[in-house]
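Down below is the structure, laid out as structure tokens.
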Amino acid sequence: MNASLTPVQARPSRRFGFRRVFLFLVLAVAILFYLMPMYVMVVSGLKDAADVSIDQMWNLPTSFTAGGFAEAWRQLSPNLAQSFLLVIPATIISSLIGAINGYLFSKWRFRGSEVLFALVLFGMFIPYQSILIPLIQFLDRIGLYGSLPGLIVVHVIYGIPITTLIFRNYFANIPYEIVEAARIDGAGLWQIFRQVMLPLSLPAFVVVGIFQFTNIWNEFLFGLTVITNPRQQPVTVALNNLSGSFSVSWNVVMAGAVIAALPTLVIYVLLGRFFIQGMLAGSMKG
Amino acid sequence: MSSRPFSNVRFSRRQAGKVAAGAALGSALVGGIPASRIFAQATPAAGEAELEIFSWWTTAGEAAGLDELFKAFSAANPGVKVVNAAVAGGAGSNAQVALQTRLSANQPPDSWQSHPGAELKARYVDPGYTEAIDDLYTEQKWDSAFPQGVIDLITVDGKKQLVPVGVHRGNVMFYNKEVLEKNGITVTDAWTMDDYFKAADTLKAAGVPALALGSKDTFAVVQLFENTLLAALGPDDFTKVWKGEVGWDDDRVTTAIQNLARYFDSVNSDHAALTWDGAADEVYAGKAAFTSMGDWLYGDATAKEKQDAIGWVNHPGTDGAFVAVIDGFTLPKGAPHPVNAKNWLIAVGSKEAQEAFAPHKGAIPARSDADASGFNDYMKWSAEAFGKDAVVPSLAHGSAASPQFQSAVNDAIVSFIVDLDVETFQQALVDAQSDEG
Amino acid sequence: MAQGALERPAARAGTPRRRLIPERLLSPLILAPSLIALFIFVYGFIGLTFWVSLSNWRTPKRDLSLIEPLWETYRRLFTTTRFQIDIRNTIVFTVFFLIGSVGVGLLLAIALDQSIPARGLIRNIFLFPYALSFVVTGVAWRWIFNPDSGITLLLDHLGINWLLGKVGLGPLHVDWLISPRILGDIPMPDAVKAQIGIPVAMIPVIIAAVWQLSGFAMAMYLAGLGTISHDIREAAALDGASLYRTYKDIVIPLLKPITISVMIILGHISLKIFDLVFAMSGKGPGFATDVPGIFVFEQTFGANKYNLGAAASIVMLALIAIVIVPYLARSLREVER
């Protein structure tokens, strides 16, 4: 499994014990630090409305109730489904496009392709709130406004730069000799892609898949503005609506935050090891 | 592997197909709005199956109040599906993003929530997003149902553009009854700024912060400022200063800003970390004496079951003036369902709907002929004042000045909280006014 | 043989193929849809934004006529104290955030590289924050850094403050998030009205951001560490290098390409940052945590000063370009090798 992650053998030395203790101490502190906010969120979500206030944030809930989770689930579940309907197609499509583009930019270059690649990459950098209004007006003009497919298209397009980058770097590490050999055998562009590159690229797909899933799932601004019907908006927007305009019931909001984060957390647990292994094969090098 | 010609074009065809499918699916998903828009214009009464209402009333009392309005509409218009397109986030942030992008794409809802006055004009009337409703007013006899002060606020450039539903009062100070009693302080509606500062000194000496402020909410401090300004200028000049008829370099403005700085002599030490309801909590618990906030605070207190611990009084020096924070609904130009949109306005402008809405929202009905018997003590006091006081617009809630001016004041306040520099703040106000051009 | 260069296939075995479209054109043609889409959705919109930044559009009513003089809006932007503060803040944030996430990420990766139990679980714990949305993290960390309740309270509960009090260091009252203090004051020309130093209120925001994104850096480094073959490290160990030297002189330099990638991805996130700061502290006391992302948001949707918001957006883009492009160039050259 993790063959290449074999740890460096610690050399036996007088300081062996000290180093291990130090390591465990550092890890323990880090673990506490990383878990602290999630503890606050989960604990607050489990409390009843009356017990949730900022000066009791560290206390465990006094009673074993579902706290805010029941209400949060009630309000968020339709939108959870919407988020899945958004993220899964968007991730799959943008990964495929990124794979094809990355393949072309690394193995089928032409004059000016490096410049084009840089231009593609630059698309990663735009701040979304700056282009929101022209985007919405354009979407309306091409008839994609207000619908889930429109939102999918938006996420696919803005995902092209990063997915292309990741795949291109990944494929760049596959020696050209392999492609060369296939070409000599008579394979064309698509054949090489399907029969040579794709089988090798599973780790990259996992990386890109997780990356895109996380980004699209947690995205808020586009979900708020591209889709207008609240019942069709992704869960991040619904989560925002859990907070009232003036006062907030924190147990519901915190519980909602935990619920909204669960799918991504589950993906990480299931695919986390591929994430590392995927990058393992050099997809993230350079 | 395909050897077919143009096999690579498969890709772009796929994309084109996606766009077409998307458009079709999109139309289906939004309930055929494009189609009904066309039909509605041709045959007004046919094919209007929905009503989409935009607001930022998403939780608790607000949502319940909105529900009452929906009920009133449905009672008169059975068979129409009401779509609640509410987005949380108040007048300044997320809800505005959603609304503004929709309007800029010519995809308005059938009605949206707005404050009257400058915001209504700048954001909706001037860019041409609304329809005037003077004929609706005449038809529904609303000219006599709403107080003149309110009618003035909803009239932009001579045309009526909003149907007001609920009224909150902005110049209220709430206090903890016990704290005041313990320190021998009594307050009446007629009290002045000097009375306040005298009380503040007493409280400070007793170790209790006089004012609980939640300065994390910039609007809370803006409210404090405008109420103090109201005390210094009086309702007539207060209305004038927003129009530029009284200059911001006026001496009384200086006095007002100096008073604003004086509040900070006796204020809760953690104000920078608190939102307005956190500050309210301090008053409920007796950790501070006063807090300056609009009367949605009363709703908050009720929700926390603390309404008996607090009393209310109008902001020092503002007796006879009512800073109105009014919520109302508009008639969009190019509404997807114009007939339903008009009927919506008729419903929310009705006596019954407003009476049902008011207690949930914690506001008093905008109509002056509403039945006050169901009101709680606070609402009774507020309704009485509304009936006789001079109604003035609020800056913090978009009625008194344009979004640009408001933004400039917000920025100036953020700096003022830190340095309490009266001159810089006053200069910022003068500059903001000249920017308005 | 140049990589990726198109060549005519040499004499080959296998079915001869007729292609209607010469292979030379295949690649650009397939890329075309993506390029066109990006041309519209990225460059078209940026172009529009740039035009707006030069226009008179200062109210909700659209006005795309050009402003006189042309650079007036930009002049205004750079003389606004608030925006100067924003630039200061974003530089401070980016610098410390990058150092923090890269450093912490690297350290965690190295720690996980050792033989420890439950490595998978621990790795996931460090990765989890990345799965959360910025808004959620912002709220949680706002609570944690609340002066009276958050860390301060925790330190009280855990008795640490009592200990510190006994030792004379006094109980720690962490009120950074609401403090308008600025550490340091670098002298600047008069036109710069903002105090140039490190805003104390930024520190909690940086901590929150590092918490959220260092897991990503760690994952990248873990992958890289995995590719550094066991043999190299064995060889180093046999040569008598200590663990510390092995890492410092061999492993870390080999990880340079990853560092570049991490800098690019985290760098542009930090320069664009909005949700996290907005949810956590908003503008902060005296704009101590205000960033250009918030400024653009407020000017566009709050004040409706579209030209000012657009100008700020262009400045943000320019900043990102200035910071990231050198890394990008280096990254592209690395891949060439």
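Letters A, B and C name the chains as they come in the text, with residue numbers starting at 1 for each one.
FYI, a residue touches a chain if its C-beta (ideal position, glycine included) is under 8 Å from a C-beta of that chain, and two chains touch if they have at least 3 such contacts.
All values reported here derive from a predicted model rather than from experimental measurement.
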For this session: Among all other chains, pick the one whose mean CA position is farthest from the mean CA position of chain C.
Result: B
Problem set entry | Comparison of B-C and A-B by number of C-beta pairs in contact, larger one | A-B
Problem set entry | Centroid spacing, where centroids are CA-atom means, of chain A and chain C in whole angstrom | 15
Exercise. Quick one: chain A and chain B, Cα centre-to-centre, how many Å?
Worked result: 37
For this session: Among the residues of chain B, pick out those that touch two or more other chains and give their numbers.
Result: 8, 11, 97, 100
For this session: Could you list the positions in chain A whose residues touch two or more of the other chains?
Result: 54, 100, 132-133, 188-189, 240
Problem set entry | Of all residues in chain C, the ones touching two or more other chains | 17, 19, 26, 30, 146, 148, 297, 301
Problem set entry | Complex interface listing, chain C residues touching chain B | 17-21, 26, 29-30, 32-33, 58-62, 81-82, 146-148, 175, 177-180, 282-283, 285-287, 297-299, 301-305
For this session: Under the touch definition given earlier, write down the residues of chain A that touch chain B in their complex.
Result: 53-54, 100, 132-133, 136-137, 139-140, 142-150, 152-153, 187-191, 194-195, 221, 224-225, 228-230, 232, 237, 240-249
Seminar exercise, completed: In the complex, chain C touches chain A at residues 1, 3-7, 9-10, 12-15, 17, 19, 23-24, 26-28, 30-31, 34-35, 37-38, 40-46, 48-49, 107-108, 111, 113-116, 120, 122-137, 139-141, 143-144, 146, 148-150, 153-154, 157, 211, 215, 219-220, 222-227, 229-230, 233-234, 237, 242-243, 246, 257-258, 260-261, 265, 268, 272, 274-275, 293, 296-297, 300-301, 306, 309-310, 313, 316-317, 320-321, 324, 328, 331-332, 334-335
Exercise. For chain B, which residues are in contact with chain A within the complex?
Worked result: 1-2, 7-8, 11, 18-19, 21-23, 25-27, 29-30, 33, 52, 56-60, 62, 83-90, 94-95, 97-98, 100-102, 104-107, 109, 276-278, 281, 296, 300, 303
For this session: Could you pull out which chain A residues touch chain C in their complex?
Result: 2, 4-11, 19, 23-24, 26-27, 30-31, 33-38, 40-41, 54-55, 57-58, 97, 100-101, 104-110, 113-114, 116-127, 129-135, 138, 154, 157-158, 160-162, 164, 168-169, 172, 176, 180, 183-186, 188-189, 214, 217-218, 220, 236, 239-240, 253-254, 257, 260-261, 264-265, 267-269, 272-273, 275-286
